[in-house]
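Letters A, B, C, D and E mark the chains as written, and numbering starts fresh at 1 in each.
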Amino acid sequence: MSIVLKQERAKQLPFGGIFAAVLGLTVIAWLFLNQSLGQVLLEWLPYLAKGFTMNVLISILAIAIGTLIGIVLGVMELAPFAVVRAPALVYVQIFRNAPHLVLIFAATYIFPFELVIFGNYVPFPDWVKAVVGLAIPASAHIAEITRGAIQSIPTAQWDAAQGLGFSRSQSLRWIILPQCIKRSLPPWMNLYASITMGTALASLVGVHELLHSANDASTAVQRTDFTVVVYLTVLIAFFLFCYPVSRFTQYLERRLASR
Amino acid sequence: MSLTVPTSTTLVELQDVHLSFGSNEVLKGIDLKVNKGDAVSIIGPSGSGKSTILRCINGLLIPQSGKITVGRTRVDELKTETERIALRKRIGIVFQQFNLFPHLTVLENITIAPRKILGISEAEANRHARDLLEKVRLEQKANAYPGQLSGGQQQRVAIARALAMRPELVLFDEVTSALDPETVGEVLAVIRDLVREGMTSILVTHEMRFAEEISDTVVFTENGLIVEHGTPDEIFSKSTNPRINSFVNGLGGRATPLHDGEGI
Amino acid sequence: MLDGFTTHFIDLMKTVGLNFEFLTSGYEVRMWLDGMVTTLVLVVITIPISLIFGVLFAAALTSGKKWLAVPVRAYVELTRNTPTLVQLMCGFLVLNMLISNALGGAQNNPLTPFFWVVAITGLHVAAFHAEALRGGIEAVPSTTIEAARAIGFNSLQILRYVELPLAVRSALPSIINNLVNLVKLTTVGSAIAVGEITYASIMIWTQRDNVVELMLVILLFFSLINLVVARIGFWLEKRLAVPGFGQ
Amino acid sequence: DATLDRIKARGKLTVGVILSGAPFGYIDPKTQEQKGLNIDVAKALAAGLGVELETQTVTPPNRIQFLQQGKVDILIANMQYTEERAKTLGYVPTPYDRVGGAAVGRKDSGIKDWTDLKGKTACVSQGSNYTQPLIEEYGAQVKALPSQPESLLALKGGNCDVAVHVSGTVSLMLEDRADEWKDYAIIIPSDLIPSDSVIWLRKGEGDTQAALDNIVKSLHVSGKLIEFARTNRLPSIAYLEEQQKKLKDGSQ
Amino acid sequence: MSLTVPTSTTLVELQDVHLSFGSNEVLKGIDLKVNKGDAVSIIGPSGSGKSTILRCINGLLIPQSGKITVGRTRVDELKTETERIALRKRIGIVFQQFNLFPHLTVLENITIAPRKILGISEAEANRHARDLLEKVRLEQKANAYPGQLSGGQQQRVAIARALAMRPELVLFDEVTSALDPETVGEVLAVIRDLVREGMTSILVTHEMRFAEEISDTVVFTENGLIVEHGTPDEIFSKSTNPRINSFVNGLGGRATPLHDGEGI
């Protein structure tokens, strides 16, 4: 009996998907019943979509930069020399504990709006600052993920690589890190989802992302029902973007666990 | 024990090698000489320092005192990582726990070191790898992943991988202890072929009858010392040391039943 | 005496190029200190709320009863896959207004921004606790549960005396991690004027342009809180460790 | 000076504008272009300098930062003259408008005067210059939300007794959406700290200041500003008419 | 097989019990009678349904048809969880995989059910638990955690835990199969004592000689049916069924060497 129950639990129905569908249908039905509202929303959709591309762009760049820096930091955390280890450890400790919001604020306020490179003015727009603000915590988290993954590789693999004549860095590059990818993919994707959701914070510093666009739209239209619908749209947009990522992560985790 | 003067054919020589881990003295003065083309077996109880000797020879461990020579290289005097890596390229080592790289296919496991370290072209490396796979009788498994192979097959790949660097010397550390009795034979057969072809080899093993059959010299270690060495006959049949006799006859050691692959 | 100390501090900071001038303005200092207190209060309130609801959600998810599991699962998925800030805006701006209308006017609505921050962040993190606990509960061997059933425990007693104690032990590291995130998450309160430390700092730096200075304080402040949270977690892990269980 | 040189060199005037709602700055629901008095003034300034206009939307919490960093050359962002601000920033002496804060609240709230706000909650936007007088003079509890729409929604949700914002915006909104806001009104007849809307710039940029001041003056005199106010449906143009008269008289 | 009329001393009775998991028919008509104070052993090959019979008796499984009576209770007709819990309080069961609660000490493992289910005071529960621990010879382990005990010790705690509810009947399901041969004896010794004291017990076991020694009745199951039952003598010595003979003599079953704890 108990065994049967367990199996039932383990089987995960795509409740989230069902939920999104229900929510989406409700909104559509509502818009259908209140045609003028639907009309207005339709007019604003391109504007909102433009905002959302900003979220996607920021999140992709932030995770890309964060991953590159994070891997380096993670390797540094395991370096045999304290001089290399210490700064990485301090960086990771501080920025893993720092609220995303604060880091985004910090990035937008501390960096200049343009950089002078070889006498040319290169603009440093706000959204790039948001990328930096999110890449910093991302790199701290990825450093931890990388460190954990490297430590989970049996030392025998290091022995084998060094026995063949690989140097430490070659072992890392060719033998150890490739094996880490599989183990760290699920936490990496979790982080990606969390960074994507963090992009909404960029609205607070004036980056024209989805939430900011929604705000503009509700300011301009000034209808309470429209405001409600716009916020629901924002919710659904993020959900549709993040939910597949999280489902795929769960699938990967299950597949790895069954190994 | 006997301090032999290196002759022109000596490939490996250890003289009075001492090594401790912290306060735990593991090697207490090891002397050992291996001639080019010879097969030397090291036997002895668990914890007596057998693996440690192998690790000293390829520079994975550095002794506190004593001389280690491989060819013209003074291993104990190597200072930099680069120098030690140059040494390791000349010495193949195979471990008890195969330690194949799980993310690479059999072929890639064998070719990665020649390609990335020696800079050999992929085509050339693959050709050599296929020759080696034929030698260990695994031609048809080139594209399998380690997870898809049996223990015995994995260990044979590990041997092929060690040979891919064309070493002058191969060290085998209890290569059959992690295998089930049925697959031990496959692996021993491969090693027997290698030794017969004249590859200089040092084997740590618990397969007494196998050691007896293929070795030129057998060395018995106990407590960080080489307590006896000689021809297989001297050790296995004519030794007067009661410790050795009881070990060899499976009383004192963890000697496993022998499957020497005669049937393969 | 305190004033003297403040002046000294401001002068000292000036020598390293940091402007802590605002410490002389009574109303800003009060707001700033209140901000720290509010953050601490938020943390102290939301942590138990997240834990209580995490346990309830986990119980619902593993109850095997569809009418309990499905809505909770839907909530968990929704909250895990949408930004907390958007949830907060939806709750505070949209839901709150609808509630006001339903109650016949804003004056009858007792829900404050503080309530919304506590509710949204607490329940958000509760969803993560629930997932961690669910994993732990499902990892309890079915034979152990059968033994409990055979002794005569009912489902609730099995949950209370067997499944939860074991699940808590295996989920503790994730739960601590979630709590660290919860502490960080309380900063979204600044978006709806809950006077926590970030809000207070924003109010000050929009007037005074001393972002770096206040930012340093915030980073230190949160590092400190999270250090304490992680310490307590470590201590709990030690205390709950059972010989021969886990690693 | 540096700013004017740069504007000329680039052929571009970068103006920080705030989109806090009609009539000052908003996105046209139809064309999704920026509209409003702030935008019109910005256009006129760029035209007067003979350069192109580039607008940068700003929010109350980041507008001063943007100006200080040089991301924008000037701010036309609902920022009234205060002595505090004048200490750190430069400004164009001739105002382009004068506004004060209006308190929106429920008609039945019983609040009739600013002094009635003692102990009551007032919502403002973050960075608003009404914060300090509301707290220090009238003893109100202030809640600062990221921007005006959030503040007004908070008012509707019952989280504040009044929302205090630039009177022009709120009165236009109450008029346009009378249905939705039928229970609400501007409940305090007088404006809070009515003060001059000025164009802000970095401190010490004397040439820019002078150039802009001339343009603003001419906008007053030519009646352009009054025209802008009419097209954007500013609730009151009395101040502008008075300024026009004063400046006309002065120039004669 | 033989449909006996319940007498006043009958404690457990199964009549024509059928049970399937999906399409897999596991019990195909089981009849069994156990008198108060008796020890009945169930033997038979793996998968023949022995554990399933025990689980039906304490209501962990519900048969599709047939009657099960324990004392005055019709187990097969119990409708609610509450009723089944009331039944389980009267029946102790000990599993192959001890299944102690790893987060509780030995004493807590034993007292938790009496305290939380019967509401007995802690002091009273502890007193009883210590008596039981003495009975299973583990007085000195009261405050240890299960993880700190050997398999045999854990199994004895599991027995004490089952006895803590003062059951009328104890079911033992292959309680020694997960133990190493050396600790089997300890556990059997405890069960022997219990049976001698007159506790009604049903034992599923592979320890043939033990079953022979302590049982009043032995039952042989195969393929979901009781193919034979009788006194130990009838089954172990006089049976004419060749299946039983080969099973009992360790050919057909997975009978393990006997360590009957005589030496303890």
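Please note the rule applied: a residue touches a chain if its C-beta (ideal position, glycine included) is under 8 Å from a C-beta of that chain, and two chains touch if they have at least 3 such contacts.
Just so you know, these numbers come straight off a predicted model, no measurement behind them.
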*Any chain in contact with chain B as well as chain D*: A
_Distance-maximising chain from chain A - centres being C-alpha averages_ = E
_Taking each chain's centre as the mean of its CA atoms, which one is most distant from chain C?_
B
_By raw count of C-beta pairs in contact, what's the busiest chain pair here?_
A-C
*Centre distance in Å when chain A and chain C are each reduced to the mean of their C-alpha atoms*: 20
*Approximate Å spacing (C-alpha centroids) for the pair chain C, chain E*: 49
*asked:* So the centre of each chain is just the mean of its C-alpha atoms; given that, what is the distance between chain A and chain D in Å?
replied: 37
*asked:* Can you work out the whole-Å distance between the CA centroids of chain D and chain E?
replied: 85
*Which positions in chain C touch two or more other chains at once?*
89, 93, 97, 146, 149, 191, 202, 211
*Multi-chain contacts in chain A: which residues touch at least two other chains?*
109, 203-204, 224, 227
*asked:* Multi-chain contacts only, two chains or more: what residues does chain E have there?
replied: 60
*asked:* Give the list of chain D residues in touch with chain C in this complex.
replied: 60-61, 64-65, 68, 84, 88, 106, 123, 126-127, 131-132, 135-136, 143-146, 150, 153-159, 183
*Report the residues of chain C in contact with chain E in the complex, numbered from low to high.*
141, 143-144, 146-155, 157, 161-162, 165-166, 169, 240, 242-245
*Along chain E, where are the residues that touch chain C in the complex?*
58, 60, 81-82, 85-86, 88-89, 91, 93, 95, 97, 99-104, 112-113, 116-117, 144-148, 158, 161-162, 165
*Contact set on chain A toward chain C in their complex*: 2-3, 5-6, 8-10, 13, 15-16, 18-19, 93-94, 96-102, 105-106, 109-110, 193, 197-201, 203-204, 211, 224, 227-228, 231-232, 234-235, 238-239, 242-243, 246
*Would you pull the chain A residues touching chain B in the complex into a rising list?*
154, 156-157, 159-168, 170, 174-175, 178-179, 181-182
